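There are two complexes below, and they share subunit A, which is joined by subunit B in the first and by subunit C in the second.
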Partner chain A sequence: LAPWVPVVGLEIHAQISSNSKLFSGSQVQFAAPPNSLVSFFDASLPGTLPVLNRRCVEAAVMTGLALNCSINKKSLFDRKHYFYADLPAGYQITQQRVPIAVNGSLSYSLCIDSKMSQMVTKTVRIKQIQLEQDSGKSLHDDTRSQTLVDLNRAGVGLMEVVMEPDMCCGEEAAAAVRELQLILQTLGSSQAVMAEGQLRVDANVSVHRPGEPYGVRTEVKNINSIRFLAKAVDYEIQRQIEELENGGTILNETRAFDSKLGCTVPMRDKEGKQDYRFMPEPNLPPLILYDAKSLPANMNHQQVINIDWIHERLPDLPSVKREKLVEQYGILPEHSFTLLNEDGLAEFYESVVKQTQMKPKKVIGWILNDLLSYLKQYSLTVKQSPVSSFLLADLLNLVEKKEISSSAAKRVLAELWKGEGKTPLEIVKEQKLELLQDQKELEQICQAVIDGQEKEVIMIVPG
Partner chain B sequence: AALKDGLRSQTSAALKEGRVTPTELCQRCLALIKSTKFLNAYITVAEESALKQAEESEERYKRGQPLGILDGIPVAVKDNFNTAGIETTCASNMLKGYISPYNATVVQKLLDQGAVLLGKTNLDEFAMGSGSTDGVFGPVRNPWSYSRQYKEKSVPKSHSKDKELNWVITGGSSGGSAAAVSSFTCFAALGSDTGGSTRNPAAHCGVVGLKPTYGLISRHGLIPLVNSMDVPGILTRCVDDAAVLLGSLAGHDPKDSTTVQDNFKPFELPNLTDVSKLSIGIPKEYHAPGLSSEILALWSKAADLFKNAGAKVVEVSLPHTRYSIVCYHVLCTAEVASNMARFDGLEYGHRSDRKESTESMYAATRREGFNDVVRGRILSGNYFLLKQNYEKYFVKAQKVRRLIANDFVKVFRSGVDILLTPTTLSDAAPYLEFIQEDNRTRSAQDDILTQAANMTGLPAINVPTALSERGLPVGLQFIGRSFQEKQLLTVAKWFEKQVQFPVIQLEEVKRHDNGVFQHQKSASFS
Partner chain C sequence: QKVSVEVLDHLEHLALVDFRDSEGVERLQKAIQFADQLHEVNTDGVEPMDSVLEDRWCLYLREDDVTEGNCIKELLENAREKVEEYFVAPPGNIPLPKLEERDTFLQGS
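So, the complex of A and B:
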């Protein structure tokens, strides 16, 4: 019997990095006192109207361009209705009919083996990007039978990025999301920190036999990290395969990932299918964007968004940065992948390269093998490293000038890690790690060693 | 100065010259409100704040620095506009006791120009209705019920009780505002107009009711009924005053993304003498079923008036008129269902005591907070918005709406400047008769002549024309081109001058108004 073909699609919500919310002027801030960032509109006070935030539109256009999408010069806003405590208006303003960007793609890299020595590039199609409001937060207090509602997040701008079911496993999903995260952070359109809820991922998973139509899919929610995303997806694929092989059926349901148990469980919230009664948002005219060709001559430039203008000012995306690193420093693609994967590591590397005579191809080893493993060991970010690029460059210069050996340098690094403020040279002197340059002195030491080990010498010297 | 005087011509001048002070005006209006309490036109009277505003105005006049024509002028505002610090109820249990933290843009504009806000006027609950009879504070009574003109014409009854129950409705849903202006308790009032809610009561109460072009005046702070059709409405005693109000309210509002960006220039109305260049269109479909023979005759006379004065009067056709009620019903209920979704008792307004679950709390809150009319429209609207129904109803209705709008475009393109139609099918009905049919039936009947202007966004105005055989006001409606309020009001003003609609003879007003009566010639129509 042919093996199962798993199919994974993703719906990703990225919080837009902006000073104020999508349709109102209240501030966007993480962990502020409850209900301290709520405007009249956010609280759905009767008579208030939405006013579109320009910065949010620019963020969505940038993201769309970075993901090779067509930007729709005319997009529309709609109301999606449902009742919930964290949705004050009883509807969410979203883009259901015509979103701001469609038909893009995202390329991401995977390691074929665990040694990170061979990478393969994959692509996932981006179905669309839409602008929509975030909801507030509700906390269920079961002991007092009450729900606490915090509307700080209500109305914050979101970009929903829909990835087509082109992925096949947890690893691919994780890699795709990781790449999207890097892109968003490079653009500045979202800080995309999953732990702070700025990036939320829902996975759509199904399995089928090759040649047969797609199977029933389930939606997996409540995934709080990229690591858990891979686990959740793989668990769900396995669960579905087992279910089907035992003669069961898959329900089109929503499941939550339980990180403690490492499994997915059905969510009891959604009973029956919801009809969201979509309706055009009557208080927002269609969103019109321009490019260099279509921009009217007498238009006030403060009032319009020019797609081409934004395109020209896009920063280098991670994939471009990686290529440049490979070209400039002669390092391997796998190396540049790791450099960009760690926040601040690429900058650290380049800084060290500037300050040392050691060749970049050699420096990379020190960065990836030594520095990075120390950081991982102590769960530190590059920014938190007690060893600065200056110190490391200093150390590497000693190696390059042959004043110490590589293995001695590793011992110095271990000492530097303690962060006691000593320079590499001071440590070398302390621990007497200098390489001996004097030939005669070396001969004397070697002879002393040989003299002291008669037995072994006899064994080695051929006879 | 008489409470009856127009703003621009007399009252404003009187204030400037010190012949009357803002405080005096304010006090007179407040006293009149008290003695006409039986009209039930006001839900909230903001006596303290009004007097304070009047005092501040007076200071400005003393310094010779009034803010403008509206400085010191008492106004009233329909209770579906947000007023900071003053209760805003929409005549509903859902918002009883609700004190808004902000002013609607139009309210703020009035206050910024020194107008004195007397209070909030009564309406049908959430502006749903054509009688101002379905609010939680009870129905509004048409001041003309107590006029000498009406009493003279009504059949004398043997029981005094019957006389009490003989009162007629104001029309709706801005009945309170219309009654307030009609009974001289304020110089101007704000209403709202979604399907005729300003023009209908204006016609029944014998006042000018202006529905501006959609997008001209900000809706920020107007609690919405149908976002794509609502406009703030202006109710005054003469067309010139309506132009003054329009000038002070119109213009782009960054808080309302549906207002147009163009700069609006307030205008003074010219005294038109020569109408020979004017082309008046008479839409034949507005000879609607149920139109009283009286109003039909009046309409015809008005057309002749224009013809005899040299204007070109042509019959035109708006063929999709007969579909407009159904189309309006679908689109209106759909938006209502959506707009009312926010009333869940959580953030503000009425909250039920039911605690078993959030859902039960929502359901009970909404059942307790809304009347039948509102709940009926929500249910209908949700039905039309269901996925399986959306194309059949909502999208279809939008297409029909486009056809109705195109009817007007064609007619205006053919050289017609203004359309002349009746505003209502008959004069005001007695309350007891009106409530024999339900709200939905009445609305469907009464809106037929007015709601096309809302569907198309065009400006329209009711001008009081003559008294009916029963001694009650009858008005006629002019519909103009988009954003051509100046032309519309100029023609309306000319017509107003020709018909010389009579002043209401109210006992209560006589007592309060020490000025000389402005004896106006009886309208040549009645």
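So, the complex of A and C:
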């Protein structure tokens, strides 16, 4: 029997990096006193109206362009109705009929072996990107059988990025999300830190036999890191395969990932298929975007968003940055991935290269093997490194000028890591690590060694 | 084309409306009939209208400045129950009981 074909799609919610909320002027900030960042509109008091934040629209356009989407010059807002304590209006304003961006793609890379020496590029289609409101936060107090509601997050702008079911396993899903995260951070449209809830991922998983129609899919929620995303997806694939092979069926349900147990469990409180009764948001007219050709002549700038203007100002995306690093420094593609994967590492590398005579192809080894392993060992970010690019460059110059050996340099680096303020040269002198250049002195040392080991010399030298 | 009991029950669950009695249901029926008149117009090839103001209704874009918030005192005045600046809600949604278990005139229909 042919093996099962797993199918994985993703719905990703990225919090927009902005000062104020999507439809109101209250502040966007993580971890503020409860209900302090809430306006009357956010609390859904009667008589309040939504007013769209320009910055949120720009963020969505930038993201759409970076993901090769078609930007809809006219997009619409809708209401999605459901009851929950953290949704005071009883509906979420979203874009269900015509979202701001559609039909894009995201390329990401995977290592096909564990040694990271062979990479393969994959693509996932982006179905759409829509603007929508975030809900408030519910804190469940089971002991007192109540829920505490904090509306600070209610109304914060979100970009929902829908990825088509083009992925087949946890590793692909994780790699795609990681690349999206890097793109969002490069654009600045979202800080995309999963731990702070700025990037939330729901996975849609199903399995089927090749040639047969897609199987019933389940939605997996409560995934809090990229690592857990891979685990959750792989677990769910296995669970479905086992269920089907035992003659069971898959329910079209929502499941939560339990990170402690490493499994998915059915979510309570999700009663059957939800009917959201979508309707056009009556308080908001269509969102109209312009480009160079359609720019209206006599409109206030502040009211006009020009897609082409935004396109011209897009920064280099991670894939472009990697290509430039490979081309400029002659490093391997895998190296460029690692450089971009660590916040600030690429900049650190380039800074060292500028300050040292050692060739970039040699410097990369010191960055990826030595510096990076120290950072990992002590759980430090590049910013927190006790060894600055200046110090490292200084050290590498000593190696390049053959004043010390590579292995001696590693010992110096260990000492530098202590951050005691000594320079590489000072450490070299302290530990007497200088390479001897004097031929005569070297001969004397060798002779002394030979003289001291008469027995061994006799064994080695015949006759 | 009367609205079925299943649909009425479904609406009561989704919107937490209470049709209360046959008069309420009749009012709904009449509203649907009234709106159905729209189907008499052939709208093939015509874009749906967003507003009678058409393109004179422009979406206003606000600058990304913090201008509101910090009114927790007023907001919590509306709360029946509060715990340390949080609103208090039941542990989860309390769904409307199923039709058989509800005391509603819909049961008799």
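Basically, the second predicted complex is superposed on the first by the 453 of 463 C-alpha atoms of A that agree within 3 Å, B and C clash if a C-alpha of one lies under 4 Å from a C-alpha of the other, contacts with A are read in each partner's own complex, and residues count from 1 in each chain.
Everything that follows uses one rule, which is that a contact is a pair of C-beta atoms (placed from the backbone, for glycine too) under 8 Å apart; a residue touches a chain by one contact, two chains touch by 3 or more.
Predicted model only: the values in this text are computed from it and were never measured.
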Check your understanding: In the superposed arrangement, does A:Gly47 touch subunit B (first), subunit C (second), both or neither?
Key -> first
Practice item. Considering only the touch criterion stated at the top, classify A:Asp275 as touching first (subunit B), second (subunit C), both, or neither. Key: both
Practice item. Give one of first, second, both or neither to describe whether A:Arg79 is in contact with subunit B, with subunit C, with both, or with none. Key: first
Practice item. Once the structures are superposed on A, label A:Ile305 by its partner contacts, choosing first (subunit B), second (subunit C), both or neither. Key: second
**Study point:** Which partner reaches more residues of subunit A (counting touched residues only), subunit B or subunit C
**Key:** C
Check your understanding: Taking the superposition as given, does A:Ile288 touch the first partner, subunit B, the second, subunit C, both, or neither?
Key -> second
Check your understanding: Touch check for A:Thr147: first (subunit B), second (subunit C), both, or neither?
Key -> both
Practice item. Using the touch definition from the top, say if A:Ala89 reaches subunit B (first), subunit C (second), both or neither. Key: first
Check your understanding: On subunit A, what residues does subunit B touch that subunit C touches as well?
Key -> 40, 43, 45, 51-52, 81, 83, 85, 145, 147, 149, 275, 277, 284-285
Study note, to complete from the structure: So, in the complex, the side of subunit B touching subunit A is made of residues 81-82, 88, 90, 95, 100-102, 104, 219-224, 226-228, 254-258, 334-335, 337-338, 340-344, 346-348, 355, 358-359, 362, 382, 385-387, 390, 394
**Study point:** Residues of subunit A that touch subunit B when the two form their complex
**Key:** 40, 43-52, 79, 81, 83, 85, 88-91, 145, 147, 149, 275, 277-279, 282-285
Exercise for review: Over in the complex, which subunit A residues touch subunit C? Could you list them?
Suggested key: 18-20, 24-27, 33-41, 43, 45, 51-57, 76, 81, 83-85, 138-142, 145-151, 268-269, 271, 275, 277, 280, 284-288, 302-303, 305
Review point. How about subunit C: which of its residues touch subunit A in the complex?
Key: 10, 14-16, 50-51, 53, 57-72, 75-76, 78, 83-93, 95
